[in-house]
Each structure stands twice: as structure tokens, then as C-alpha cells.
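Each chain carries a letter (A, B and C) given by its place in the written order, and its residues are counted from 1.
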């Protein structure tokens, strides 16, 4: 009854492992007790992926010879508190996936060709501007995550697109790196109204520079979400972010400008100020510090957002957030962590702009809400295990 | 084109396998021909998981040093007759998962810390009382399964909860073992009516003792499913179960007391007697014998259930079931099996209390129904393969 | 932190790998840029599985000794452009699966016993007549795929059934091979109207002969899809296919006869001629050539279909298709490919019979449409990577 697991549909030579060709099973199980406290309602429970998004994936690289490689990557999001999948495998970058709660490779599904000229990647993956949101010590899924990320004004294309054609520069450009991302909305040529023909089309790019302790990157992305004749609901984000490692602490920051042309419907936050004007803008920034302490690290972050809703015609909701956390590494793969965050609303901003946005981000629990111009608070304490 | 499958996102040393740190792919494919015969309608087809629930899973353990370990476990249920997933990844222990038929880790999704003090486990997993249902030689998914299990009066929390915080005692207590399970329903603090604030909250515990050929365990579980103002629809189960191995036969038994406070709606069985009273109680017991014969074993079971619907005000449906089966082990991993069961209804009990309950349990086929106070019969013949 | 991946729930002896017992992870990631051009609407985007259906699977074989083996196979379809699953895990061979877009093992979910007498296989898998569609150099999912396949007149059972009981002859019959496939629709015995009692029941068989460069196979399949009293909507397919390898080119061909008794509703093609008569017949053939060129191969195919809708009472839609392609193999596992196809409709045939049928087959994009009696054109250029 001897058995083994092969990496492909043939006998593999385990003894002659080569780094060039491999198939890897990997994942993250991250479960936390989270309390999300709003002025109207609070909710507590187990949440998933606060420290790092819970996931299960399969990836591989094949050496084709002559410096050429082929690679694939399938990665599904998980709610590790319930076993459900997280749903985000939009087919057209506009419509949400129908299969809520099911397992699907909505985090990433790509095939690549890699050479000394860089990488061409096809399929579903992060947009370039997303990477600028990851400089914060709290990442993009903690209760401590910057409001820069949680504002999520540009919708589906804030994080990923499907149907993407990506180019990444090689790692040999002396610290300079860049990427280009074009994605197709796959609308039929006779779409009605004709403005919707471009729905879901996305263009993004990013350029960065890494040198010693310093890194800085500029990113831009734009997605077409025109839905009605005469109303162009395009959304874009431009972002500058970077970090500097002082040794005793790694400092990071991001400035982000999000624009929505000819806003129709929607709201800033969940139950918050309705966005009704034209050319709404969201300006936000976040700064953070990661201070190594023994086998762990202390994290701190401050972020602000201000929305110019209709260029002076509408309201100007604002939110500011302060977060503090500690992560203790039991090993390279396993960590215990805890964070707390407090968010203050003003200018009419309500729950969504505050920690309900955090709750929305906190996979697995929802229901907290905060009245306009009041504050809310959230805590998390959990364990993150990678494999 | 040499390839291999790594257990994590890095090169692994296959030659130096250590039991302390591992990632394992595992599963069960169990498919049977099943005929479920009721007095109104019968149905036959291929079903899944009659001998052992069909599943696909990934689990792992990491040695953190100093006696501390971290572990994870992801396990999805399968309908191996159709390839669909079995759906049970409720987010709040009240509402069923939306993604019927999709693959999801609804059987188990947990992360653990283990030490010589025991195990702390977070996520979705069995409730303590479930383990008492597994003493029967037919397990919990055969047509021969005890009516104790099939009555399923307490709903979602009869088998598992999401959002669970579990503690398990270590294996070093001289045969004594125990577990504690608290799960959160994750309702918002302003839920309306306010009684629903506790919906899905669960508390369960189990204490057992194992010595030589004998084992006995006591289990209790209670879930809040209050849905309407003034109506407390709490459900609980208390159970005593055990087994004794005589060598020529392993005997087992379970007594279970299920209570529903202030019953509203619902029915005992599918299409059977409506449960309308207050404080409905279901008393059930099952006894079984497993007789090893060569490479296989003969199984026999008898079980009864009596429901006191509204404490003398309503009806008292009853059901009794006799089951006989044989399992032939082709190897440790693979077995052929067959079972037959006959169930007699009385006191107004109808299909659901009988083999339609079995049909509901038999993943992959449904549709058999039986008139009140009549009998029904079911057969199964299948193959179970583990990997 | 040494780790490894075991093929089963126990420590495996990696050094003593034996071909008899194994568990294998495998898959295909195939993503292409596709343009599907109809006379009414065109659509372009990334599609999945044009060269070989994108998939992720787990399979294994266990040596039981004495020439007996047990095996399992779980295979899920993927949309690699979006990460969604492809949905086809029907429970009863009539109703589509509810969980659109979720991952499920709808391509194949089987358990087998294998001996020198052949193989018995239980679960969801291809129907026998499907294999006759695979002789074409374009396979069953390219824009170049024969209209034989794309007509898809017999619905769900054209490709697979759930609840199947299969028998396959052993490989030791001197080039002769055969298979028998019976599948259960699992309808209750009191189904109303009673004609629907047989819904989803399927019977199919295939007999073939392989000798040197030549292969020929005959296949038949019939599925009951009666839906209304007095209307028997049975569907059947009979097919003869084969190939001959000349060395400089491998030639292939298929003739297929599809019948629908007492047609109600439905349409030939998407938006095309409604099928309203009785005993509709679809006659189709396809011929193809695969010409090896260096590390790749040129492919060519021509196919025609003519539908006799109601035996002279209704219309007789026709479609003819010509396809040309080239595949360049970067390795055994990875290939670049491109194909173009032109389809001409006549006799009232419209989009569905043409390249919208191709679009329907092309997983991941849809929306192209063609007016009756006009032509349409499609292109694809992609990468297929197996693991």
C-alpha cells in the first residue's frame, strides 16, 4: 500500500528535484475573533483572513529550456470560519459572480510565459494599483487596514480583473520594475445602449524603484462602467506609495486619488452619504510603521479620506482612522496577532466609511453599523497559518 | 521535465520526511446503488457516501518546537455520483449556505494550536454530540443508520457549527477525554426582534472514558434558534453512548434526548406529523453489533424513536428500524458493502421519520415517500475507496 | 520546517514509489484570445479551454493484489480567464446544476474496480458517443471544432451523465475495445405525469477497433427527456468515426445521426430556426487532417450539418464549417496555438448553428450572433499548459 503524490500525470523523479519544474500546493488558514463596534450596532464572531487572506492554491513552473518558462497559478479565497469560498470570479469585471459562497479560483487564475524579457500573464489577477495598497503594515484585510483601501470607490476593479493580459518587467533592471495590465469586459459589439459596449474594459500600469532600504511606486488604473446612455460612469485611481526601512522601524505611506465621472446611484460607505453629483473625487492617504520586537512586530497606522462629492455641489464626507497591532511569529509559517482600530466620521460620513467597511473587508462577519459623524471601534485577535 | 509536488511554497526535503510537519491530501469516494422504497413512492439510483461520507480534504501539521504544534484541516463533502459538492457551509449556524451543489469546505475548516495541554481549534467542525452518533456500526450516512441520527430534530447544529471555538483534552489523561465547543451566531447587536440576537449561538460539551474493550461518552449541545418575539425556539440534545468489544462482536448503543422549546412550524419527518406544541421532546435509542467475519464484518442495528409533541397535547409519532449489512474489505482503503433496512411508522409518523429520512441522508437521491403508519424499506450496495 | 505532501492519510514511503498505487494531482490551464464575429454582433475576449478543456483533478489507483485494482477520478472544469468553475454536475441528467460558476467535479467523478476482465466504473463521466467526437484534430472545444459536436441536439447527455454504471473491456482483446454505459435519472416512482418517470435515464455503448495506423469506432446513445403527457421527447445519437495515420498526415472523420422524437420547444441554434415538428433528425459529418510540422502541427477540418425538422413539414436548416489551425509545442506539457474558422448558414440556420455555437463552446465569452443564412468567422490564439 505504498503511495505518493505526483506533481503531474506521470511518474516523477522525487530524488532529482529541480527548482525549474514544479507543482506546488499552498495556502493560508487565518481565523480570528473579531469585534466590530458601531454606534448603531456591533457584531462579534470569527472572521477569516484578517492578517493574510485565507486561501488554497495550486501553482507550478515548467522549464522550457533556453531561458523560457511556463507557469500557472490557481488560487481560491476561503472563509475559514465557515468553510465557504469567497466569491469574486466576475466574468466581465462588472457583474459579480453568481455562485456566492462557493469555492472558485477568484483570487487568481493565470497562465504565464516567462523569459529574460519579463513575463506575459493571462487571466484573473490583481490590478497594478492594488500593489500600492500593500505597503501598509496592516495589509488590505485587517480591521487596521487603511481607509485608503476600504473606501473602495472604484468597485470591482479596485483589486482584480478577469480576462487580463499582463506584462511584467524582468527582475534585472537595476531596481526598476513595472507592469502593464489590460483587461477585456467582453461585451458584444451590439450592446445597448452603445456606451455599455466598453463595460468592464480596464487599463492599468505601475512603475516602481527599489534600492537598499527604500522603495517607491506609482500606479494608475481605469475601468469603464458606463451603464446608461449619456452617463459615463468611468472610475479611476492614481496612487503613489513607498516604504523606507530604518532598521528599528519600517515606515510606509500611500497617497491615493480616486475619481468617478458622472456618478449615478451608489453611496460613500454602507448606508452613508449618497454620491449623486458629477465627477466625485476621493483623496486619501495612509502612513504606517512596522517595529520589529523579538520574534514579532508592533504595527501602527494612521489614514484619512475626504470625498469631494459633486465638486462643491454635494457633501464632503470624511473619515480618519488610527490602528495599532502586534504580531507574534511562532514560526515562518505561523503567527498570532491582534489589532485595534478607531475610526472617526465627519461631514456626513457614516458606517460604510468607517469600520463597517472594515467589517465588509473582514471576511465572515458583517452587520456593524455607525451613525453619521460618529466613531466606531474594532478589535481582532487571531492565528495565521501558511502551508 | 522532472516534476514533484511540494507540501508548501518552498522546496521540501522529501528524503528527510518528519512526522512532525506535513501536508496531506486525502479523501473518500463512496458510491452505491441505492433503492429507497416507500409506500407512496420509491426511488432508485446512485448515491454517495453511504458507507463513509465522500469527501476531499487537505490537512497539515507544523511542529513549532517545545511541544507546540499548529495544524489546519480543510474538508469538502462530495456527491460522487454527480461530482457536485454537498452544501453545508452555513455562515451563521441558522441560514443554509447559498451555493447549493458547489464545492466548499463545509465538512471542516479549522486551524489549531496543539500542546501537551490539549488542542484549541477555531472554525467549522462537528459538534460534540455528533461523536456519540458514530458508535453505531452503520455510522451516520447508511440506509441502516439509526433513527437516533435521522430524526435530526435540532437542525443545523445536529452535526456541525461554523464560527466555533473548540477545546480538546490531551490524550494523556488515562483514558478520559473531553471537549468543549462554543460557536457564535454572529448576529448584530440591534437584531430585530431582539430575541434573534442570539440566533445560531451554540454551546456543547462531551466527556468520555476509554479502557480496554470498553468506551462510554456523555454529550450535550444547545443551539439558539429564536426567530420570533416571545417564541424561544431553542433546541438541545443530550446523549449517552458507548461500545464494548467482546472480540467475536463489538456491541454499541446510544440513548438520545432531543428537546425543542416553543416549537413553531416545522414537522417531524418529511410530510409527516406537524410539530405544533410547546416543548416537544424526542426520545430515541439505538443498539448495534459488528461481527468480524474473515476480511469483512456483519452489521446489525435496531433503533427506536418516540416524539412527545406538545407534552400530551399533540400527537406522539413513533418509528422503529431494523438494519442488517455486510462489509467486505478489499484492503485497508477499499471496501465493498451492502445493507438493507426496514422502518415501521406508528402514531402518525410518516415518510420523513422513516426511510425518506434515510433518503435525505443518502446523498444523491431523493423522492421516496411513505404514508403515515406504514413501513418502508431500503437497500444499498456500493464501493468505498479512501485515499 | 521540513515538509512533504502525502498521497493519503498516512506516512508514505517516497523512496519505494510503485506504479501500482498512486494519487495524482493534474490539470490543464488553457487561455486564449478569441474573437467571435457574427453578422449581428461580435465579441472578443479571453476564453478558456480552446485547445484542451481547462481543468483541475485528483486521481489515483490502488493495487489490491491478484490483478485487481481500485481507482478514483475527480475532475473539475475551470474558466481560466476568470477563475470560475464550469458548471455541469447535473444530479438527474435533465436539470442543470444550480451552482453556476462554482468549482465542482462535473467533468468526472468516478470510482472503479479494474481487473483482467475490464473495468466497472460508477459515477459521472463521458457518454460513449462523446469519444467519437474526439477524432477531429480540433477536439471538442476549439473555434475550429466540427459542427457535428456543436449542434449539440441531444442536450445534457451529449457529453456526460451523472449516476452512470459503466463497463469497459480490457486492453487485451487484440485491438477491439468496447464500453457500455447505463445511467439513472433517479425520478420517483410516482412522478407526474408518469412519462417523466424515466427522465434522465440513459443507455449508451461503443465498439471500436485499433490496428496499426487505423482506428474505427461505432457509438450509440439514447436519453429519455419526456416532459409532458403524450409527448415523448427522447433523444438519440448514432455515430461512426475513425482515423488513419499516413505518417505525413493523420486523417480523421465522423458521421453522426441525431434524432429527437416529438420535438417540443427548443431551437436549432441560438436564436435560429425553431424546432417544432415531430421526429427531427440532424445528419452531420466532419473530416479533418493533422499534419506534423517540426515541433508542431497544422490542422484542417471541414464539417456539415443538415437538420430535417419535422420530416418535410418544417424547415431544413444547414451549416457548413471550414477551419484551419496551427499548434506549436514548446514541450510535451505546453503549447501555443491559433485557429480560424468560417461557417456558412443556409436553410434558415442562424447564429447558434454557426459560431455562436462555437462561442457557447468557448468557455468564458459569449454574445456573438449571426442572422439567418449569413456567415460568421472566429479566431483564437492561446497557450495550453498541462500539469
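Everything below uses one rule, namely that contacts are C-beta pairs under 8 Å (C-beta built on N, C-alpha and C of every residue); 3 or more make two chains touch, one makes a residue touch a chain.
Fair warning: this is a prediction, and the values are worked out from it, not measured in the lab.
> Where subunit B and subunit C touch, do the two copies share over half of their residue numbers, giving same, or under half, giving different?
Looking at both copies, the contact residues mostly diverge.
> What angle of turn lays subunit A on top of subunit C when you fit their CA atoms, given in steps of 5 degrees?
In short, 120 degrees.
> In angstrom, rounded to a whole number, how far apart do the mean CA points of subunit B and subunit C lie?
37
> Of all residues in subunit C, which are in touch with two or more distinct other chains?
Residues 1, 3, 5-8, 14-15, 23, 25, 60, 62, 85, 99, 102-103, 331, 333, 387 of subunit C touch two or more partner chains.
> Which subunit C residues qualify as touching subunit A in the complex?
That would be residues 1, 3, 5-8, 12-19, 21-27, 29-31, 33, 40-46, 56, 60, 62, 78-85, 99-103, 330-331, 333-334, 364-365, 367-369, 382-383, 385-387 of subunit C.
> Would you mind writing out the residues of subunit B in touch with subunit A in their complex?
1-9, 11, 14-15, 23, 25, 58, 60, 62, 64-65, 68, 70-72, 74-76, 85, 89-91, 97-99, 102-111, 113, 122-124, 162-165, 184-190, 331-333, 387
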